[in-house]
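Below are two complexes that have chain A in common, paired first with chain B and then with chain C.
And then the complex of A and B:
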């Protein structure tokens, strides 16, 4: 059984097969798809969702979820752009990031101390924070008066956009965190069996709070990088992002029930969404077809996943 | 033969007394890489209790899943009342009169007893409205028949485990069953509750239902069954008349060798007191409990389910806060408010239900073992994989863990090997006190003796062991001293060498 090729096959997130298929398809059928310029384009486009997805993966492996990420995107972007005239760019950005982390802390503490489901807690946070953003901005968009801010969003290093580098570097770091550190191992243990993790001496509550802070940080960072791309922020920024992020993470093989998931899978999920959007856009497919295709792929991936899991389980469980 | 099917079970029994009601003939089932069932044949007569025995992984559950239609056999045939049947799924099986009563109860706790009994077959009126009057009347009749004292309108969540089991059995009676399979039905029942269950089984027998009874417990099998079929490695090793065999013969068939007599290398000279508990109380769970465990000694804690045994263990391990009392380690009072505190004071807990509380099932054996000591196998949060591997290699050998590889998820191991992973997890932290709750629950006979041996070895190496168990032979065979618990109070303390079974039973029953 251990030699069965199916085992190894099942360890590669199935989303990568779909990603390769999508790339191959668009390379043939979409004229300007297969080009370095377009690929860097995709990387920038996906980096926003991608950054949040890195944090969301950990929270979901923990068996929790964070629906407030879209609102945090708007909050962090508004703070970073709105405060930079008074504080300067770097302090304003730090305030934006700090707000994301602080909100994550709050989410985590409420989930830990009250035992209320993360879905409900962060649903409340999602609405509340969005309201705060509208209050703070007075429903106005903010524009950055300092060109250095927008320049950063457009800059590139060695021909690759800086924002893409940021995303790729953080992906590698998160992959290492999840596979090689105690924090990562604890995340799987807490999501896999919370009681057993507790009995093994893991401080489950603190661990979960740390991960909510992590996803808050990533959401805030995504909001700030997004605002550097536009040189502006709007109070509606990041609307529905939580759904795209969760879609990407689930496409990547992370289970809503916790304990299962990988950063590499999430990267595959994020890229698949990016490639589909970009490729269909190049083929001039209307945007709502993109949604239909995306929905179909989401369900198809889950079906394949369930199949493979059932077969692997049935193989040894007598 | 066709006409036979039209007779009721009772008439059938008159026509051909003790004729095979169910005949499983040469069933083979292969999973990729494993032959789970190899040419298995089994006969169940009407009104017979047929015990099915075998170690975990011997093929019992696969066989029953084939019978219930969860799996399809590769080869072989099943005959019910002489007619060949094809069971395509559990629904089909139910309508044929084959009912499985699962070890893990599958009830909806928020619904009433009646709704649970008739789940999936609620009596209906026109337009699909539920006929509640008929529902509760029918359910009431079924409960009467089972001699249950709770009402059909009670919510399942308010019932004890034993009563929930009764509801599950009640479900089987909705369709006048011909074959009822009990899978480890007594795993969570007290002795009094077992008596009720056995009465129910006997009354089913009187109605000429064929019973398949799967259990690890020899005493039950010998009280209940007419015949015993033993499975090992997916094949039938023998079918015996219960009246003409004994435990030794059955065990030999089951594990393929004779069980070594229980070695009882008691510690000659127990060391100093390692754990002492004084006046420990917690709400209405337990009151004023005091005892001590010495290094090198196994202290058994015996009592009925609900006597507060597990709660005492959880309090010592920091999972519950006591109202009063103190805990001393090596003579010093310690404050333990969380598992990490307990671990820091050299205390380990192997919990009652391994799967729910002890293991992360989807994780590999190695990762489960290192889970309690990630701090030791890492530097500033960075895991040292070779150190983790060293832990696994060391304890896999020491505990003779049988696992295909270190990366095998523990969910795929047998109960005995899972327990070894739990033990391995704790041994790495070099605990001075090991609390082990129901060390062999749901574990087959062969592995049981092995786990018992391990516990004795650990004590011999100087560990203080507190062993909670509801199995008399285990408590008597493994412990040096025995604490008897009754209703949250320490009823008596015995020396294991001199105590009699009667004295123990009386102590835990409050006599």
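And then the complex of A and C:
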């Protein structure tokens, strides 16, 4: 079995072409864009959205969605910062992560057992968890009194920020999980044809719960890394993150209908958003325009995708 | 007589769950109304202010903005699509109408704002209807783009109306007609009109057909693209109406005033029982859904619970409502998936 390198090239998600074009554009037109320091900056800036996107990719490949991630970000951050005075940093962080996993478990169990669409279940959770955050925090921001917490967010290993390492390492792990393990193969099977997956003996319900716990974990981790960057948490943290994350994942080529998507594509989508924000910022374009460009790119990618991949079979064109 | 014979020919089911089936069936058909009624009774008993005319008209007035948008979004959802751009569009329209009010007068401001909102509806409609793109992603992109447009237009500044007492623009958000607030009139008026459109016109039938079975609708000669396009125009129109109410009530606007409305609106629509899959649902159901959200908020506040407790209750209520619906169609409470 010989694989030509070209065949490998064709599997690179198309978003990477857009990403390379963006990097080339900003390298020419934005001063101080093309610098190692700036690239690590982009990695830190995108790691929050990126971490959640890793989990969201798997959930969306399953054919589900999780709208509650933004609220989980706030909950985990508030718990990790709010409890560390009493518990110490490590236990507080563990409680934050545990809350994310527990909420993921809850979402997953409800989706599995009730058969209610994940969009509705997590839309409800999005409001409910945000309500929990406001009740827990009493609408207050929390500040970390222990500087070790914020120092961790600022630290770097071998010249690269620790948070960037965390993001990159987890990206590699998730890539391996999705391409080399049974769980990864099952994710595609469940999303591609759920009934067939069930008949093939995949325990679809448990599988989906595991993935909701995964995205809950990643959302909580993102909340904690975000709060280490600021040394604080606010109850509004993570508002609208679900929309940004879904945008990144869809840009990366994952289909909402399930069965299609890659971690590499998601990484490309996340980095494209990061590069656009960073580059336009360096060119001193007001932040407002980034929103318009993001929306336009999202729709443009969809249009191109529809032109290239439209399956005519089974559809009546009128 | 023949009918009786057929019924006798059906073997008697010895299903131990038969009574639960009956309960489930009753709950399915009237479940939401029963729950709503129980809920109202419970709150009336718990708080003596809850059932007063004053309080009820306050709630009706409070839900008017969400309700007005939800009525339009219901039609989009019945047509088998989503509209997540309404929150951003509400921000944009409100900023536009408030800003133009002092520059060119209320009349032209309202006209231009409606034109702009309908233009956004056109873009949604073209992309989802004619280009057949996924509605969730298209309107997600539009959500972001319109939010950006709003900020570009206002330069990030809040806008407000200088002469708040002397303008007739105040009518839409602050006045009362026959003892009922004008926002309530607009909400319920639009609901009645669009309910008639949906149930008594060919267009209404086409919306249900397109949402329920697009292929069958196409073979029946229904032009899906045009129908979907129109549903987005309706949704944008309703959002523009909500912007008039909001702008008039506040007499000013922040750039992100509509942020999050898209999901609250959707919660109302889902709570009412309109299926996200399309093809079923109704506007009265949505009105009930929106009212439930409004009364939950109001009732919990009257009972002295913190403001955010309503979101927790909404979480549970939404899932329970949809679960009941799904379970009754399935005939059992839980799925059989392993």
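The working rule: the second predicted complex is superposed on the first by the 299 of 318 C-alpha atoms of A that agree within 3 Å, B and C clash if a C-alpha of one lies under 4 Å from a C-alpha of the other, contacts with A are read in each partner's own complex, and residues count from 1 in each chain.
Everything that follows uses one rule, which is that a residue touches a chain if its C-beta (ideal position, glycine included) is under 8 Å from a C-beta of that chain, and two chains touch if they have at least 3 such contacts.
Please read these numbers as outputs of a predicted model, since none were measured by experiment.
In the superposed pair of complexes, A:182 makes contact with chain B only, with no contact to chain C. By the document's definition of touching, of the two partners only chain C reaches A:291; chain B does not. Once the two complexes are overlaid on the shared chain, A:195 sits against chain B while remaining clear of chain C.
Look at A:98: by the touch rule set out above, it reaches neither chain B nor chain C.
Within the superposed three-chain model, A:131 lies in touch with chain C and out of touch with chain B [touch as defined at top]. Applying the stated contact rule after C-alpha superposition, one finds that A:203 touches each of chain B and chain C. Between chain B and chain C, more residues of chain A are touched by C. Chain A residues 198, 203, 314-316, 318 lie at the interface with chain B in one structure and with chain C in the other.
On the chain A side of its complex with chain C, the touching residues are 67, 110, 112-117, 119-121, 123-132, 134-135, 198, 203-206, 239-240, 243, 246-247, 250, 256, 286-296, 298-299, 302-303, 306, 314-316, 318. On the chain B side of its complex with chain A, the touching residues are 31-34, 36, 57, 59, 61-62, 317, 319, 338-340, 342-343, 349, 351, 356-363, 367, 370-372, 374-375, 378, 381-383, 385, 404-405, 408, 411-412, 425. Residues 84, 127, 131-134, 136-138, 140-149, 151-152, 156, 214-215, 218-219, 222-225, 259-260, 263-264, 266-267, 270, 276, 306-312, 314-316, 318-319, 322-323, 326-327, 330, 334-335, 337-338 of chain C are the ones touching chain A in the complex. The part of chain A that touches chain B in the complex is made up of residues 1-2, 4, 6, 180-183, 185-186, 188-189, 192-193, 195-203, 259-260, 313-318.
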